[in-house]
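A short worksheet on the structure shown next.
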């Protein structure tokens, strides 16, 4: 097993490069100390650079590895999406794609097909995804923020075993979205425990398709998504609550403030900046909702799921799917970008 | 203990709000752990139970009884065979080795009548016996292929002629073998006892399935032949369960012997461990380097870099997956573990969280170190990194969780290279297009939860304080 | 007008007792300062009076009524916190009126009270600002204003000046004194700065480790400290302490210093105590530098010239530390040997064992 | 031994200039204190000398060599920070040796230097503790120790005492003075506390808003402040300022106060200046309370009894504020009217316009 | 040479190929490295890898024949084309890129869709299983009776994809393809089945877990419904036989001939093929291996061991001696082979449609809109119009 692990990593060229790098470093830096020896040696190009070029370029060097990875695996794909959006064809190779200009935008949003002039259906699908997602967001975000707040308030009380409860509520955050979807599918499928238990209790007569019944699917989407993410926002809110100085409450007590008034007039207003952060973050997250819902096979299609499917990431791609999906993804990215600009603006104002 | 539980702000006894709070917490606790516990319970149910969507809390199958259908010249007979040994009843669940280990011939020779026919077919003896007869009697060599010949080919041969002159037993055998008679069949049904609706006497019945959602369950009495189906009220059924914990759901995939799945689960675990450890190490290194630059220097383009990193938060990788795929291909790291490790190693949330934390470290420390002739790199790893340890630890935990749970990057990086599969990819393997190894999937999902749960149990202090205090905002 | 009485008040956190039974009687209208080193229990005591902390044992009486179980809001006291504890999201006006709204006072009444208080404290110019937009001194005044508008029976201050810089601290302490003169309410003021205590208090309660060491007017504590702790704590620079033997002689009592010098003690002040090991205390300002012979000698180790006065640090022949203050600017240099004559009326004598003062009260 | 020279040093952050051209010549071995109100640029100046901040314009010379572009590490200076900036994750020993390891000194040498410094500063008892386990004063000494072990050409201190409580501050400032005496290195010390400046400095540089107001020995600044700012800043309580007219008469120059009282000025100290609006400055300790008639009168508004001295606050007839200190304990009450006689040798006169001192230098 | 073979399996196909490839190595010296992956990988990843041109296997077992046709290696230069034309005439065109009529692009497999029934349910309900040649009407009647008698939730399940739907649709006369090879989707037959289909869901004849539960173009497998005894009939395909055989122990089942209608007894054909890729460095070895697998004797062994239907005309004719196969497996294989043969004669559009390179567009579009109609979100007319329009648009692209 050890040998296997080693072999997996030590593909020859990496190994030699790494050994060379460390050897040069060891020779150059004459690093001392045992435990941290490696760290001392790792940075030899930076120390060399500082010796010759001074302190000026150092921050750029510190940023370099991270930015390189970001550039290659986040920004380059984003630019490729722009490329896909502006070209057409089913290939993912740019040399096999033709220039399309705004055709993909028309294919996504237009009333008629640019190629045939026939009625375009894609716009309905996309709008449907957008409206469904909007409905999801409109319910999910306030509900989650509300419950995260309630949980945080409860956990901010002087309650026995606070640390324990705090981590309990955080636990779902540690589960993979696929597992979350799977867990809840086990419970929610038609033959699942929930239906059967409710039937045994006589609350329902026939098993309910919780995940596909149009009346329930949104409820459970919101529920499960909230279940999975609540802990994270609860933690942020808790930190916000703990940042409120305790003597404010003592002052309020001296002022004869009732607990309810203390909550509404002191806690909530002071928590506002944190609440705002939580609100916007969860808004952005909710718009990106995909994996849990996909794993549960809910019967509505979120925007990201729409893009995922249309781009041909699953199943066989349609001729223009890639371009259309890329266009949609750019629209969504732009929208989310706008949201976060809004957040920065708002929180800037909140911080005064 | 009570004093501990009822301890409050120090003033007064438990108030209504306290009771409500504890109630809320208890409810939340149940809500959070029911699915996980349910998964755990299900993961030790037998494949059959899972397939049957048996939602009982108890793992283990009902007591079963064999129901035989035998078709002959004189029509169809449906009857039950009781008291079969387990290995006969579960014959088709046995591995080839286990099947070979049984004294099938001996068992069959002790059987008589229709039961013998049904059991012969059930135990897979029809074909070898028929082939032996064909060889012994010198019958035509197309006979073994007869039942899959095209209709036109069948028309060209004369089966009746070929079978003429065989002993009744052999005739019967070959007719069954060539499909002239439908094969005798044996299925296992649930043995229940319930009052006969007509007579009220308690009888034993065989039923296909107990579905408490249905008011009635069609059943046949075990002691009758060709009896009509009776509709029994489901509530009146009494069935025994053999509690049986299906550890093989765990053992088979982990030992690489799971039926119908070609994934080496230990390999997946190993890969995931490598990816998680190496990936987390790289993430911590390069993210803290970037965070250091962004928090402790003033340089041209700083705001732009920060904005870029924040912008990456806006772009879920799911929607740029084709591009990510191309990038991984282009950098030549696809198909190896590096293809999983590298793309995920720069995390915007991580950089941001570490930066926020590092901002709280006093600049004076860095200036003191500069006065102390430390190089910038040394300042980074000897002063800033150790001091940012709480945040780095928090990010480390998150990174472990992210890495362990990541599906998207492995999917685009190594989908066609099975040796490099991580655990999440392997879990997908249990969900085939046409067949589903749900029982393995349940068990392996449970296994996949172990590391995150361990991290959770042992590091929860760091998680909750670390994340909350690292300015994840 | 409100009197506050503490009767054998005790406080424990879990098993550790931090206040060990304090009796204190604060008459109506008095400005009482709790002073003592950090951790001695000043805040705890104040918070018990405020009702923010339970009283473990003993009785707390306000105007003669036992208030142990009564909630903070109902005691009718107001408190100014060290950090001011202003509501950061409310305007100054709202900060002032919040407590009044809580008790459902009529709007007009609230308005007039807030404006009166603001005018009095000269914060009427920024009633609509948020606390974050105010300077430290202004915040301080808002915090006081919030206490004032409630027209409380008594004011409680917990180190209200410790977040201000030196200059502002001096100015604000004058303002608080003036406020007390104007309102005449009972006030309890916590500080660990003896200068604040001396300059502001009608009565000072010196606390040490949860016990009351002395309770009295400032000059009473300065001139007649009950023990070495109070003597050392009150007065700056600190009182000099020299080990000595108290020898009850025939006609007079003398104090024999370690280097053998004798100092006669007046019977007026000390009566006729028995012989014992003792400690002589003498404040730096009560030592006169003289050319003629004198009972005390000092080798100067450091000189601090403050312009208006000079502080001379040194050691006695027996290596005990001595500090002397001299008016104006001095020509004394490090290394000089000085003869010092103590002002006989300012000599304090303490029992070496119990550290209690031997002076007649 | 190291001299430090500043030649027309300027510093801008972006477009705002915060240091407007400072010339200063700190001779080798001197203890120089930068003093001034908050935000005046003391830290900025010190950090420029240290090399932690770029010099925008002007020349910075150490031992005559221009060091503007040289990195902090290479200037051979050591700095003690206000917050001490001890590496919290390293033991005291490691804190001391870190800088030495960085310049790859031999192990044995490091060990001996660290131990010498620790012994000298009496921190050898807790070399293996982390800074978090030390008290404020101990941390302070570790910070100094870290500077000492490097055997720097000069020491730079940025308000090293401001995080200590009053008592410890007094003690530590003595220790730093002693350290200077022992080592003899050049030291630059930043503070905004004039008492610290007065008691420690060989030379004080008074800064205001990025400009050097006066540079000289402490008593020089106390006795002959160059302008009203320095006069007001140095000395405690603050110098009293009274508006007056300077009238150059026939034989003598007189200062006519607002209420018409005249005070004659000695030609020795002021020469024969032209008539002009002026401000008279007199320190609180230079006013004598007298029963006989005197040029100054004061209505007492507050009395602070410190035991060893009393501070009387009041207003002149023209409503100017006056402070008087009196030795010992006073019987003066609020509301009393006092006659005050200024010590003629201690009168300062400033031009009302330029606020410059009119005294002959 | 060493060649990399990317394979997915429904049962033991890859294992058997790997086993056979050892013999191939003995014969030719070429080594075949078989890499078994899940179906999703073949479906979702392989095409992109082919496009990106990196880390592509030399050959693979694939299903999207039309989509990948441009990347297939023409092995005609290395093999005897006549043998292929003689034995694989019906399936070879599926693998040819547009316009090509002569190239040999791999070793085609054969599969067919068709129904399985739960015999035990029929027995318990006392209903006779309709004979071969029975119509959909007969079946609906019989199944409804079973359902009602036994109190089932639903009687009939069909995987959610137009590939399964096509067979019944053919039966009702839907043409799918016109004579010129262009799709004509919505015609009278199509409308008839669509109407019926909606009714079947409304009446509870078909389960809500099936089509109504799916979203968009996603596939939903109905096999679990059959496996756990929720429905009496599952319209699946020949690839399920093995899985059913090994997983179903608590009821009797069998494959039955496709129900018939006015359009014939329609089943959809298809099947994975083993094909090489142009990008290979060892075209000869790849061709040799494909040729090896296409051999009659090897094919017979392969099909015997994997218990699958041969596409090889000769083997279809002579039949295969399925060793160790249970009677119901052998029977089922026979039934499906028959279904395929019948399709070739009565509903030839099945073959045309399978060879149509953009059929995957239709596979997704049809369920998408039909589901909407079933769930009442749109009317049938709207759905049909939308299907027509959307397919036209997508195909025109």
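To keep things simple, chains are lettered A, B, C, D and E as they appear, and every chain counts its residues starting from 1.
Simple rule for what comes next: a contact is a pair of C-beta atoms (placed from the backbone, for glycine too) under 8 Å apart; a residue touches a chain by one contact, two chains touch by 3 or more.
The UniProt protein names, listed by chain, are A = Lactose transport system permease protein LacF; B = L-arabinose transport system permease protein AraQ; C, D = Maltose/maltodextrin import ATP-binding protein MalK.
As the structure is a computational prediction, the values presented were derived from the model and not from experiment.
Quick check: more C-beta contact pairs at A-E or at A-C?
A-E
Which chain has its Cα centroid closest to the overall Cα centroid?
Here the chain at the core of the arrangement is A.
Averaging only over C-alpha atoms, locate the centres of chain C and chain D and give their separation in whole Å.
Spacing between the chain centres: roughly 28 Å.
As a quick test, compute the distance in whole Å between the mean CA positions of chain C and chain E.
It comes to 94 Å between the two C-alpha centres.
So the centre of each chain is just the mean of its C-alpha atoms; given that, what is the distance between chain D and chain E in Å?
93
For chain A, which residues are shared contacts with two or more other chains?
55, 92, 189, 191, 313
Counting only residues that touch at least two other chains, what does the list for chain B look like?
Residues 53, 322, 325-326, 375, 378, 382 of chain B touch two or more partner chains.
What residues of chain E sit close enough to touch chain A in their complex?
Of all residues in chain E, those touching chain A are 40, 43-44, 47-48, 51-53, 64, 67, 208-209, 212-220, 228, 358, 360-361, 364, 375, 386, 389-390, 392-394, 396-397.
Would you mind writing out the residues of chain A in touch with chain E in their complex?
By the definition above, chain A touches chain E via 88, 91-93, 96, 113, 115-116, 118-122, 125, 189-191, 209, 211-212, 214, 297-301, 305-306, 309, 313-320.
Which stretch or stretches of chain A touch chain C in the complex?
Touch residues, chain A against chain C: 245, 247-248, 250-258, 261, 265-266, 269-270, 272, 352.
For chain E, which residues are in contact with chain B within the complex?
Chain E residues touching chain B: 6, 9-11, 14-15, 35-41, 44-46, 48-49, 52, 54-55, 57, 119-121, 123-126, 149-151, 221, 223-224, 227-229, 236, 239-240, 243, 246-247, 249-252, 316-328, 330-331, 333-334, 337-338, 341.
Can you tell me which positions in chain C touch chain A when the two form their complex?
50-52, 71-74, 77-79, 81-83, 85-90, 98-99, 102-103, 130, 132, 146, 150
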